[in-house]
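To start, the structure itself, in C-alpha cells.
By written order: A, B, C and D. Residues from 1 in each chain.
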Amino acid sequence: MVKVGIVGGTGYTGVELLRILVNHPQAEVVAITSRAEEGVRVDSLYPNLRGHTDIAFSLPKVEVLAQCDVVFFATPHNVAMNMMPQLLDQGIRVVDLSADFRIRDAALWSQWYGEPHACPEILAQAVYGLPEVNREQIKTAQLVACPGCYPTSVQLGYLPLIENGLVDNSRLIANATSGVSGAGRQAKVDNLLSEVSDSYKAYGIPGHRHLPEIEQGLRDVSGAEVNLTFTPHLAPMVRGMHSTLYAELIDSNTSLESIQQLFEQRYANEPFVDVLPAGSHPQSRTVKGSNMCRIAVHRPQNRNTIVVLSVIDNLVKGASGQAVQNMNIMLGLEENAGLNIVALTP
Amino acid sequence: MVKVGIVGGTGYTGVELLRILVNHPQAEVVAITSRAEEGVRVDSLYPNLRGHTDIAFSLPKVEVLAQCDVVFFATPHNVAMNMMPQLLDQGIRVVDLSADFRIRDAALWSQWYGEPHACPEILAQAVYGLPEVNREQIKTAQLVACPGCYPTSVQLGYLPLIENGLVDNSRLIANATSGVSGAGRQAKVDNLLSEVSDSYKAYGIPGHRHLPEIEQGLRDVSGAEVNLTFTPHLAPMVRGMHSTLYAELIDSNTSLESIQQLFEQRYANEPFVDVLPAGSHPQSRTVKGSNMCRIAVHRPQNRNTIVVLSVIDNLVKGASGQAVQNMNIMLGLEENAGLNIVALTP
Amino acid sequence: MVKVGIVGGTGYTGVELLRILVNHPQAEVVAITSRAEEGVRVDSLYPNLRGHTDIAFSLPKVEVLAQCDVVFFATPHNVAMNMMPQLLDQGIRVVDLSADFRIRDAALWSQWYGEPHACPEILAQAVYGLPEVNREQIKTAQLVACPGCYPTSVQLGYLPLIENGLVDNSRLIANATSGVSGAGRQAKVDNLLSEVSDSYKAYGIPGHRHLPEIEQGLRDVSGAEVNLTFTPHLAPMVRGMHSTLYAELIDSNTSLESIQQLFEQRYANEPFVDVLPAGSHPQSRTVKGSNMCRIAVHRPQNRNTIVVLSVIDNLVKGASGQAVQNMNIMLGLEENAGLNIVALTP
Amino acid sequence: MVKVGIVGGTGYTGVELLRILVNHPQAEVVAITSRAEEGVRVDSLYPNLRGHTDIAFSLPKVEVLAQCDVVFFATPHNVAMNMMPQLLDQGIRVVDLSADFRIRDAALWSQWYGEPHACPEILAQAVYGLPEVNREQIKTAQLVACPGCYPTSVQLGYLPLIENGLVDNSRLIANATSGVSGAGRQAKVDNLLSEVSDSYKAYGIPGHRHLPEIEQGLRDVSGAEVNLTFTPHLAPMVRGMHSTLYAELIDSNTSLESIQQLFEQRYANEPFVDVLPAGSHPQSRTVKGSNMCRIAVHRPQNRNTIVVLSVIDNLVKGASGQAVQNMNIMLGLEENAGLNIVALTP
C-alpha cells in the first residue's frame, strides 16, 4: 500500500482527498495535519467519513511526512512553498493543490499573489499537473503543482483548438461559473447561504488569480502569445464548474464536424475527458463527485465563433481528484485507481 | 381607476402581473382569463394572493376585454396574434408579453417560431416596448410588444456602447444566465427541482428565439449590421437574470472612465436602470421582485474587451413589470406607479 | 410623517425594516445606527435599496433617537436592555426586536441567556408584541418586546386550541423549520451555502431560547401549566418558517369541523392571520416577503392528535413586519399601513 | 459474477441501482428494461453513466429475466405484482423496490392503493427487506419487498425503543422531511424547481401510503397495537430524508444514557446504521449518496418525550442501496459489497 500524507486537511479539498483515498485500492492515508484541530478525529469534523476512517489530525512534522510515499498539500497558498525546500531535500514526492508552484515566473506570481515567492529556485522543478498535457513529466516529477479548478476546465476546453492553431489566440473569452465550494470553508459573510442562494453574480472580473495560470498554460501549447478575457461567476450550488469558451476561427471554412472529430481524437485515450456528441449541453451535475471533464463543441448560426462547453466538479477534477490522478501517474499505479466514481444523479 | 384585463393568467407572468397590479394605485384588474381554470379563484391557484384579490378566472371574451382600458397577453406565443385583429378593431389597447409581435419581419418570425405569422399586416403597428428606447412611440401605441427577458437585459447593457459606435458590432458575445422561472409553469421533466437544482448548464446555443429579437433591437440603434453570439444558461434559482456582455473597443484609447460616464448619462433619467459604480459585480438578487435593471461596466486588464454586467428579475423588468411600465406610459400615468418595489434581500 | 429610528441596522432585520418603511405612507426613517459602518450609505451595503433611500449609518446617540416617534432595536440580545432605561426616561417609544424584554421573569431570562438582566425593573413595563393577543396593551405601551420568529409561528397556531381548553397542555410538540436567514448575517462556517445547501438538519433540541418564550405565552392564555417539546430545524432556503404543531384532544368527540370553525372565528378580524380551507398544506413561500401567517388544521386518520400547520416569513411576521405592525398600533395608524405586501411567487 | 436484471430503469431508483452496480465487484447488470426507451442507451438518458456502462434499455421479457440471478423492480406500484407469479414460477429471485408486496394484508393494501391486489396469494411469501429486522429470512427469500424510504428511516429510529417496550406505542409521532427526488422523475408542476425551491411544506397529512407500512413494521416488533401520527414534508433539496421521531417514555426513570446505550448495542453490528454521540444533530447530507442511516437520541429538558433523529439518503438506504444490500444478503455476498460509498461532503 502506498503511504499518503495530507497537509492541511480541514478544508474541502482535504476531506475530498479522504473521500477518494479511503476507497483507493492501493493507498492508505497515514497522516493528515492541522494545527488548529490537532488530536481531533477527522470524522468528528466530517461525519460523512464515520465508519470509513478513524484517523485524527496531527501536527505537520517533516519526519512523519518523510515516511510517506507522497504528500498532498491541501492548504491555502503561501504554506506549501515555505515547507517545500525541506521536504524535497528529504526526497519526499509532493502533489501541491495550492497555487504556490503553478506559475513558473516568480515575478508574475508575486504580482498576482501580493508577496514575494518563498522559494523561486524550486519553481523550475515543479511540473504542472495537467495529465492531459504533461503526463510524461508527471511520471518522474518530485513536485507536481496541481492546476486550479478554472484553469483545468478552461484549458481542457481550449486545448484542441489552440494546439492545432485553429483560432485567434489574441481574443479568447472564457466565461466560467463555479459552485460556492470553490470558495472554501472559511467563515465569510459573502458565502453564507442567505447571501448567495437564489442569486447569481460575477466576481473578480478586473483580475482573477487563475488568469495568468490559464494564459501560461495556453501559451505553452500554442507557442505564441495568448490573450484571454476571463470572467468567473458564482452560481447557487455547492459543487460544479461550467466554462463557456469563445474563440474566433481563423479560417471560416473549418467545419464544425472537423472540430468535433479533432476533439474526439485528442481525448480518445484520456480516461477523464469525455467529448459529448455534437450539439450537447453538459450539465455540471453529470460530473458531480466524479473526476470527469465533459466537453461539447458548438458553432452557433454557423458563424465564425466557436463555443466550447466544459464541465468539471471543482473539488474533484478541479482539485482532489486530479491530485490523486497525478499521484497514480507518479507512482505507476492505474491512472484511474480510486477514481472510477460515478457522478451523483439526481 | 384604469380597467385592466389579463388574457392567460395562470402562468408566472400572469400571477406576477396580479402581484404588481393589486397594489397599483390607479389600476384595477377586472378580468383575468383561462380556459382551463374557468370559474376558479386566482388565489386558490396562487395562495400568495389570498387577501389581496377575490377575482376568478373567466373565459376570454372580446366583449369583456373591450371594456378594459388595457389588456395584457400573458400567453405562450401563437395566442395573441390570433385574437389581435379583432381586439384592435374594437379599439382595445394591448400590451403583449408574448413573442408574437416582437419581430417586425414576418418571414424571420416564421423561421424562428416554426409557423406562419397569423397577422403579418399588424406587425408594423406594434411598438417594441423597451421604454428606454421607444418611450415616445409607446405613449400613443395601440399595441405594444413587450420585450423578452434576455433581450431586455442584453439590450440595456449594450445600448450606450452601440448607440455611440464604440464597439465592433460584428463580434458581440452575450453570455446570459436565467433562473428557472423563465421556463414557465409547464410540467416538464427538465425543470424539476431534481433535474436542475445544484447544477448549471447552457441550453439553446445552436439558436435561441431571443437572438433575432436582440439583433433587431441592436441593429435599430446602431444603424448597421450586428452579429451576436448569444448563449443562454440555466442556474439553480427561481428568479433572476444575469447577462455578461462582451464587446471589442474600436478605439483602444477610449477610457473605462469615459464609458462609465456614458452609461451614467445615458440612464440618468431612467427610473428603472441603475448604473453601478465602476468595478461593481451586481448580484441578480439585488433586483429580485423589483423592476430595476442594474448595470456595471468593466475593462479587464485594460485590454480591448469591454465587459458589461446587467441584471434584471426575468419576471419583472423581463416581463410583467416592464409590461406595467408600458401601460403606465401608454395611459399617461406616473411611469413608476405600482412599480416602486424594493427587491427582497436576503 | 412619523419619524423612525433604527438601532443596529446592518443585519437582516434592519434591512428588512428599511424595505418596508421606505414604502410606508406615513413613516420616514430619520436615523439608522451602526458603530461599525458609521458614515456608510445603507444602499452600498444593501444594493436592493439603491434608488429608495440615501440614508447612511450613524452612531447611536440618545439625543438623535429622542427626536424619533418610535425607535426600533434590530440588535442582538444584550444591547437594547443597556440603553433602555435612558431611552424610556426621555419618553421615547421603543419596539425591541431582540430578546431582551420578551421574558418577564428576570431569573428565567438569565438562565437561558447566560448573564444577568441589565434592567429587571423595566421588564414589567414591556408589552409582549403579539397583536393577536395583546393589541389593546400595545396601543399605549412605551416599550414593546417583539416576539421571536418561532414563538410567533407556534403561538398563532396553538392559540385557538389552548384558549378554548381543547387539548392536553402537558404534551405539546412543536416541530418547526426555518430558513437560514434566521441565523442572521454573521460570518459562521455553519451557515455557509456549502454547509447547509441541499441538506436538512435539526438543531438546538436540548434547549432553544425560544422555548421559555413560547411556554410563557401559551401559559398566559391557558391559565395553566404548559409543557412543550420544541424542535427547531434548518432547511436549505433563505426565508420562511414552517411549524408543524401536535396536540392531543381532551375530548375525542370534538370534530375537526368545529375546530376549523374555531380557527376561522378566532382570526376573522385579524389582518395578518389567514386560516386556510380544511385539508390545506401551506407552503412557506406563500408568505415570502409578506406579513401574513397562514394556518391549516388537520386531524389525521380521525384519531386524537390534532396537527396544525403554520407558516410565516421569519423576517417579516417573524421580525420586522410584526415590528412595523406594532408601530402602527402604537401610533394609531392603519394596522396594515406599509404592510400590504403580496408574497413573491414563484 | 452475479447477473442482475432491472425492470423499469428510467426513474431515479433505476439510475441509482446502476450507479451502485457498475462498481459492484461481484455483480453485472445484464438487462435493464423500459418500454418507452427501448433501444436507447442508458447513458444517453443519464450522462453521469457515460464511460461506466454501454447497456441499452430493452423490453421486459421473462425469458431474459429468467437468466438473471436476481431481478430488481424499480417501477411504480402495480407493475411488479402483475409479473410476479410468472417470475417466481421460473425460480427467479426478486427484489421489489415498489410498494406491491410491502403490506401483508391485501385488504389494507387495496384500501391505501385504491385497487385490488393482483396476487394476494403471493403476499405471504414476500419478506419485508429491512435487514436490521429480517436478515435471516432475507437470506433465503425468493421475493424481497424493499421498504419505502420513510418506513426505513422511521423504523430504524424507533426500533430500539419499541423492541424494548420503553415508550407508549399509542401515541407515536413521526415528523419527516424528504428531498424532492422522492417524488420521482415524473413531469409534475408541483415538483418544478420554481414551485418547490426556497420553500418548505407538509403534504399528505390526512394519510400517506407509508403510514400503514410503518405501523405494520412497528407492530411486528412490538407485538402490540401501534398508533402513529405521520407527517411528511418536502424540503428544497434533491436527496435526503430526515425523521424527527417523538415517543413518550413509559417510565420517567429511564435515563437518556441507558437509551443511548441501548441504541448503540442494538446497532453495534449493523454495517449501515450509525448511532451518533448523544446530543448530535445529524445533517441529511452526511449520508448523501451513501447507504448509511445515522441516528441521534435526545431527551429535551429531561422531560418524558424522547426525540430520535434519523437520516438516510432516500434513494440509497431508502431505495436502491437497501435493495443491493438485500441482494448481497440473498446471494451470500459481503453485505457491504458495492456499498462502501462515502457520502458527498460538501
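List of remarks:
Here, a residue touches a chain if its C-beta (ideal position, glycine included) is under 8 Å from a C-beta of that chain, and two chains touch if they have at least 3 such contacts.
Every value quoted in this text rests on a predicted model; they were computed, and no experiment measured them.
Identification of common neighbours of chain C and chain D yields A, B.
Taking A-D and B-D together, the pair of chains sharing more C-beta contacts is A-D. Chain centres here are Cα means. That of chain A falls 36 Å from that of chain D.
With each centre defined as the average position of its C-alpha atoms, the distance from chain B to chain D rounds to 46 Å.
For chain B, the set of residues that touch two or more other chains comprises 12, 179, 181, 185, 194-195, 197-198, 236-239, 282-283, 285, 288, 346. Looking at the complex, you find that chain A touches chain D at residues 12, 15, 18-19, 22-23, 46-52, 181, 185, 197-198, 238-239, 274, 276, 282-283, 285-290, 292, 294, 315, 340-346. Those residues of chain B whose C-beta lies close enough to touch chain A in the complex are 171, 173, 175, 177, 179, 194-195, 197-203, 205-207, 211, 227, 229-231, 233, 235-240, 242, 244, 246, 248, 279, 281-285, 288, 298, 300-301, 303, 305, 307, 309, 346.
Residue ranges of chain C in contact with chain A, taken from their complex: 12, 179-181, 183, 185-189, 191-198, 236-238.
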